[in-house]
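The same chain A turns up in both complexes below, where it pairs with chain B and then with chain C.
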Partner chain A sequence: MLTVLLQQGINGIVVGSLYVLVALGLTLIYGVLVQINFAHADIVTLGAFAAYFFTHAFGGSYLASIGIALVVGGALGWLINAAIFAPLRDRGSELLPLIATIGVSIMLQNAMLAWFGPIPYAFDTPYSEHVIRIGSTFFTVQSVLIIIVSTTTIGLLYAFMKFTFLGKALRAVSQDRETAGLMGINPNYLIMLTFVIASALAGMGGALLGPVLVMTPFAGTSVIVKAFAIVIIGGFGNVEGTIIAGLLVGLIESYTTQFLDPGLIDIVVFALLLLMLAVRPTGLIAEKREENV
Partner chain B sequence: MIKQPFSSLLISAALAGSLLVSTPGTLYAADKVIKIGALFPMSGPGSYFGAQDKQGIELAIEQINKTGINGYKLEVQFEDSSCSPLPATQAAKRLLEQYKPNVVIGEECSDATLAIMPLMEQAKIPFLNAGSSSIKVTEPGNPWTFRIMPNEVMQGVDIATNAYKKLNARTAVLLYENTNAGIGNAKVFSDTFTKLGGKILADIGFGRDVNDFTSIATRIAGVGKVDVIPTYTLEGQGLKITQALAQAGVTKGGGGQSIQLGTIWLPFGFEQKAGKASLGYVRIVQFDPTDKREIVRGFGQAFKAKYNQDPTHINAHAYDQIILIADVVRRGAKDAQSIRDGLAATKAFSGVTGSVEFDKTNQNIKMDTIHYMETLPDLSWKALGWN
Partner chain C sequence: MTELLATDGLELAYGQTPACRDITFHVDDGEIVTLIGANGAGKSTTLRAIAGALLPRAGTIRFRGQDITRLPSYERTRLGIALVPEGRRVFPFLTARENLELGAFKYRNDKAKVRALIDKVFAMFPRLSERASQNAGTLSGGEQQMLALGRAMMSEPYLLCLDEPSLGLAPMIVQDIFRTIRSINTAGTSVLLVEQNARYALATASRGYVLQTGSIIASGPCATLKEDERVRHAYLGRSAVEGVSERVSR
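Presenting the complex of A and B:
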């Protein structure tokens, strides 16, 4: 039984790490803009396809493809913000950019359907078939890679937000955009930076998720619902809460599969979400909104 | 007012005229047309079905329309039914109201097919299905719905019996998506297998949004000696399940002993995508490319010539739907009612997937549409010849 508990713990942490990577971008954007980005899932999918084609069509290494997906995601975030979201924000409406994210999501999904077709891709990496067995437990090298990349990224993001000037400026904008502007900080530049960082994280998450996901143009959609739940459970806009909630959801999934039924996963996760909303609406890490991000 | 040269007006008039008389498939006003509505998933996780169905249908239409049948040409209009009840209902209504078909073919997913059926019955339009396995499609029977695919009972009883008798399996774990077809197929396998003396060690259903199957594979690894794992899911999740079971050391592909049993739902090429994890996978397919019948060889050659690839069973059963309709038209059908009656009277029709003869519930009773295949180490197939 101990082995099963340990094995499902490993499975849960691997899946949870992937959820965290996807959810971090969502929470960053919400923290700075108080906006939900429905197109985030599709940037994850595009990141997965960018990594897939880099490795399968151009013969690039998988590790390099993670960097490529990060760049593609970041570039896409910049483009979408500059072309669509920024002009809509300038009109002063909170609702228009929100609706636009839904439009961008549908547009990207259908563009990918046209480009890549509907048939699932098999994204195998040199690491996904290499299984390490220690006693009765097993994990793939891909799983180890996911945990290393996720932990490193989270550490770097934390250091960026805490210790760099840009990170501090971002936090200032999230606390009070107008006052930050009066202090000489350009909010539009920092909003752009937020979109680029969040989308780069999504793209990189896609490269790591690609070998795990059922890779179709709709792949990201299956993850994003969980990511939204994680962001709410963790506390909207709260990075530390998102990390804890992501790992928690991953563990809930694996232990529910083992001891209850995988068909009940969504019921358990969303019951937790409702419980959090009822008992602790500010999320796991309850901070004042001003201190988020 | 912008003046337009007279010559360009003439060209515009000629173009407009040609648009009025031409329809898809280069039909002309003089042709009598049988209008076929096609409801298939073109988006979402089941869209690989729709893409392949379309290829088979377009090839059949192209071949038939070269000469026509009894003065009729076939015309098809596709709508995206998305493998799901709500979009399927909307697509069916759109098709009936706007296109007014004489016959409708589709869907692949049972939940979508079941949603479409009442609309077709109400409109009195024959509905021909080739890819849904739920027993509810033909039980207790719907006068307007016909199915050429073996239903879940025919498939499930056959797979469970062969697992017990040919593979000497005594223990099984059921893996299935939580849909009408997934639950139904798993139940039939379970009932038949236990009646024969086998034991079900775990019964695991999951949603279509599950991506990582490592936790499920871990659970299966812990239930003891498992002989067979019947798996009922679409291609994408099927790939991940096969790989996860091998990684967990459960199936032959991962050094274990269990044999995964698969369904008609999976397309050809699945083994190449799953890689060595699929070693020893035994599954049923609706089309045997090694079949020596002339119709199969001709279909294979024509498909390769048109698409530069070998046909899958999804291409094949879509092709059969059209040539069965053509056969009914050849026998004198010309409208919805006579097509329905013609389908019901079908005897010993021979298609590329096998033969067709409907019982009183409009279910094809011929079992030669089920072919067993085993995946070899080089990822090629060995036909097991069990039916």
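Presenting the complex of A and C:
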């Protein structure tokens, strides 16, 4: 029994840390723009395909393909923002960019459908075969890789936000864009940077998720639904909350699979979401704020 | 004296709603100039236009001989304009120190300079150094005003624009803030001061402009404005003016 708990705990954290990678991008974009980016899912999918073709068609190594997916994701984020979102924002509309993210998402999905077809691809990595055994728990080298890559990435992102001038500027833009402009910060540049970072994380998440996803042009959608839930449970725009909520959802998923039924995962996750909205609408960690006048 | 800032026929609007028209005024090097007026007169709107947070519909703004009318706010900061916005607008979830650092965003590649500037602000407001690692949102109103003022000074501006620095503060703290504004000016920074508290403003500045429903209706040296019948009637209880000017100048 204890072994099962431990084993599923490890599985949950592996899956959860992938969700965190995807959800953090949504959180960052939400924090800066107060806007949900529906196209985020498709960048996850494109990241997975970029890694797939790099390894399976060009014979590249899986490790390098993670970096490729990161770059492809970041470049896509830059392109989509520069070509579509930024011009719409300049026109001062609140609703148009949101609708545009849905439009971009549908466009990307159908472009991928045209190129890649509807049949799932089998994404094999050399690391999924190697099983490590410690005591009576098992995990693959792939899981270890996922944990290392995502922990490192999250740590780097955290340090960037906390200790660099640009990271502090990013937080300032998300708290008060006009005042950030008065500090000499170009908000448009930081919004662009946010899209690039968020999309790079999504692309990389795609490369790590590829081997466990049913890899079709719609693969990202299944992940993004949970990522949305995670962003809400973590408190919109709250980075720490998102990390905790992501791991929590990963654990819920793996324990539900073990003790209930895999078909119930979404029901349990979204029941938690509704519960959170009812009892703590500000999310797991409410930002500490005392109003003093 | 050389001209630092000059506006000519500014017309300001929020969307289609006009807020100010024909705003023409100037600030010379080393001056403290005040804009006074009742609620909704357009004082904040004018300051936001100077800082670039709001682009004018018509008219021009010149700063140190350069036309900055269409320059975005983040470039005006680099040229030497700083604004302490109405309501302080500190970044609530950043620490006091981080707020100050962002004030020096244009010096971000020079760590030693940023540190020296922070030390200067701490010398000006020792209270802030005790609160350095606290989130700005948890500071008291007076501390937040000090932080907003210190943050603006981090960019070493030629022109410091202040939007109602006395708003909601206890009289003791207001006196402190005004004393600091004077010493900042003495050290060489020109000041454009917006105040509802016309007594303090007229006692601190050398020249002033009176705004009413979006237009400048009077201007001149503060000594003259204090005697102006319209100003006295609208903004000053007759007797109190002299008393305050003595207290402030001490």
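Simple rule for what comes next: the second predicted complex is superposed on the first by the 287 of 293 C-alpha atoms of A that agree within 3 Å, B and C clash if a C-alpha of one lies under 4 Å from a C-alpha of the other, contacts with A are read in each partner's own complex, and residues count from 1 in each chain.
In this text, a contact is a pair of C-beta atoms (placed from the backbone, for glycine too) under 8 Å apart; a residue touches a chain by one contact, two chains touch by 3 or more.
What you see is a predicted model, and the numbers here were worked out from it, not measured in a lab.
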| item | value |
| --- | --- |
| Contacts of A:11 with chain B and chain C, given as first, second, both or neither | first |
| Touching partner for A:186 - first (chain B), second (chain C), both, neither | second |
| First (chain B), second (chain C), both or neither touched by A:178 | second |
| Chain B versus chain C as contact partner of A:196, first or second or both or neither | neither |
| Greater residue coverage of chain A in the superposed arrangement, chain B or chain C | B |
| Touched partner set for A:169, first chain B, second chain C, both or neither | second |
| Touching partner for A:216 - first (chain B), second (chain C), both, neither | first |
| Touched partner set for A:112, first chain B, second chain C, both or neither | neither |
| List of chain C residues in touch with chain A within their complex | 51-53, 72-75, 77-78, 82-83, 85, 89, 91-94, 98, 101-103, 105-106, 108, 135, 137-141, 144, 151, 155, 168 |
| Contact set on chain A toward chain B in their complex | 4, 7-8, 11-12, 14-15, 110, 113, 117-120, 122, 124, 128-129, 131, 133, 138, 140, 209, 212-216, 218-219, 222-223, 225, 253-254, 257-258, 261-263, 265-266 |
| Touch list for chain A against partner chain C, complex | 165-166, 168-169, 171-172, 175-176, 178-187, 287-293 |
| Parts of chain B lying in touch with chain A, wherever the complex brings them together | 42-45, 47-48, 50-51, 178, 204-212, 214-216, 218-219, 222, 235-237, 239-240, 243, 247-249, 254, 267, 273-277 |
